[in-house]
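Working notes, beginning with the structure itself.
When the chains are written out, they are named A, B and C in that same order, and each has its own residue count from 1.
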């Protein structure tokens, strides 16, 4: 797995700051995937608080939550006396981040694209930030092994399944187009994103839904509960005539797995493939 | 002197005033009469400076109205319109105090001025009440007090008072009281008062001069007693009236024929 | 209500409330400060840091914004001669929303922010600048729309405001449609209003612009009373109605623009506070304006403190808290009037 220079740049920058950062003993993690990686690397002892999206693993329930990643509270973060804040580019508001910086907290931004390579990069970046680069390498190696074990069912070579990820089940449902985490997930699993003509998360009209002709619908467990159950998915306008509805193929994944790429993505891919085991083109 | 010379006004395709001339002399009580839609209020508002005549002009103290600043004008002439709605619970005292807006006076002086004018209209006991709570007649008297305050604030004598139907909501006692007050203002303080009124009899009884309008045109300008000789009222109002003579004042009074 | 109302500005009571609420705001928060060491060795450096650089600027900002919201509310109500008027009626806040929406959603698409080497502070102030300009622009637009033969009728102002609000709503709606999930959430949270992240430079800018504006509005109190009579009567009494309206709207737009720029949309304060003040003191604006100013400061600070304490260590948007207070407040008003109490 080769990283281009551009992608290596953030890592190099962090390498430069390495001496200062390896002392990160009181860590606040803002971002579910980042938290997951910290546990993966076995560095959870340093973690003092997390954000609301950090729901895996279950041990995070014991930790105080500093709020939603986009609307952090300065005092809330300061109240746990951290020395380092691990964030994604989505963290905010900018004013508060600035305030935290002024208070002497180290802000480390972990940024990586939502691709398979990006997962490894993220793990390496976090490892560098915590001063445990070797653990990071080991984790990445293990990850690569998992990915190597994945294979696309031969039956799918002829025609891969068209999978549609539904973020929101309401009047005009919101689907995941190109460049989103579910999009990568679907591709890794060997399927085709039925909403691949769209960019990002977009609303789909009933006609477009029909035209997309998904073979299966992928939703998050939490999203399904919010929507009110499986029936609501099949009741969506335009859904009835799709192959997915006709064979009642609904794929489910935990929200964190579905919406973010991280250490367990290989597991997620397997889950998707398992749920489509009996699918034939 | 507040003078309108040959003013004409058209709005929305209708002629509201046509070649009306009127003079308001200090110390004189002039009443403007006429059937509905005759242009009485329009005339008053033009004299006040709110409306601009299409033809002819209004002068105050020999200067055209257009040359007067709003504040200077407010110190020289005060206007009372028909119905003033105040959608907030302003106190009576505060409403009257509005007449003092652009004078810088001490609180004690303000209080004294407000009290004086409220007393003249017999409303001094209502000082602390809320204006919206008062009856229509009481509100009208408060507005009159405010108008008087505006005029007297500067301490100068004279000035002009333009009143649009000041008696409309008042009972008999208050009507008489107000009319006598207006007469006092004219006679003792040299104020020129112009009053739009619809009660013909009261106008004849109290006015120094009358202006009778019909369809925007002046049909009579003169002293009330001159109407004893003329038939202009009967023609203008187109009502079945019988003319009498007031037993004490030798002035015309009109009564309906049953 | 027929009894005599107090004509005295309840200054001691208001200042006391102000002090109390400020003390609360400074001492309460997610961050625990050990006050017991104050008498012995003095507070720790980190504690001072929180006090001086997190809580104090935030308190000052809350006081300023609360005062501005309440004062502009009172002014709008006098201008529109309606106790339910609100700066939102003029569409100033929606104009600010559109501007912020444009910056959040469209700007990244048009300009690659990483290529244009903007200093960090510009990025963080960009939303505020956009909101401010959006507020002023929509205000200017409304005024232009509402002028008829050199006169600004209140009815026209209202209609223009409704039009702008509708238009701004549509544009903002479009923006939320084309935005991605992340932008949508940023926009949504901005719209809920928050005083978080307040720093001394914010306080400096806001106070430099707000204090003179509020002082100016306070001085117009007597003229506001005159406006209550109606345009024509106010003119007869010597008030240059057109001029005062222009200046009032401009000052209000400035004040609202600044508050929106730094704190997002915070509703209900402009409605609740003057209403409450009028219930207690009557409608004389010479009392209502200064009283609203102080009470607004107190109320918003209290709301912000609640916002910081209810879901510790996270915090609620302060606009949410004011709405939670506003709803029951108006229900209470409704019940009062239904029971015939004036």
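We take it that a contact is a pair of C-beta atoms (placed from the backbone, for glycine too) under 8 Å apart; a residue touches a chain by one contact, two chains touch by 3 or more.
Everything quoted here is computed from the prediction, not taken from an experiment.
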Point to revise | Partner chains that chain B and chain C have in common | key: none
Study note, to complete from the structure: Greatest centre-to-centre gap (Cα means) from chain B is with chain A
Check your understanding: Any idea how many Å lie between the Cα centroids of chain B and chain C?
Key -> 44
**Study point:** Inter-chain centre distance, chain A versus chain B - centres from mean C-alpha coordinates, in Å
**Key:** 80
Exercise for review: Please work out the Cα centroid separation of chain A and chain C, and write it as a whole number of Å.
Suggested key: 38
Point to revise | Overlap residues in chain A, where contacts from two or more other chains coincide | key: none
Study note, to complete from the structure: Residue positions on chain A within touch of chain C in the complex are 49, 52, 64-68, 70-81, 90, 92-96, 98-99, 102-104, 167, 200-201, 203
Review point. Along chain B, where are the residues that touch chain C in the complex?
Key: 45, 48-50, 70-71, 73-75, 78-79, 81, 84-91, 94, 98-99, 101-102, 128-130, 133, 150
Practice item. Flag every residue of chain C that touches chain A in the complex, lowest number first. Key: 29-32, 46, 49-50, 53-55, 120, 123-124, 177, 180-182, 185-186, 189, 194, 196-199, 202, 308, 311-315, 317
Check your understanding: chain B touches which residues of chain C in the complex?
Key -> 1-2, 4-5, 7, 81-83, 222-223, 225-226, 228-230, 232-233, 235-240, 278, 282-284
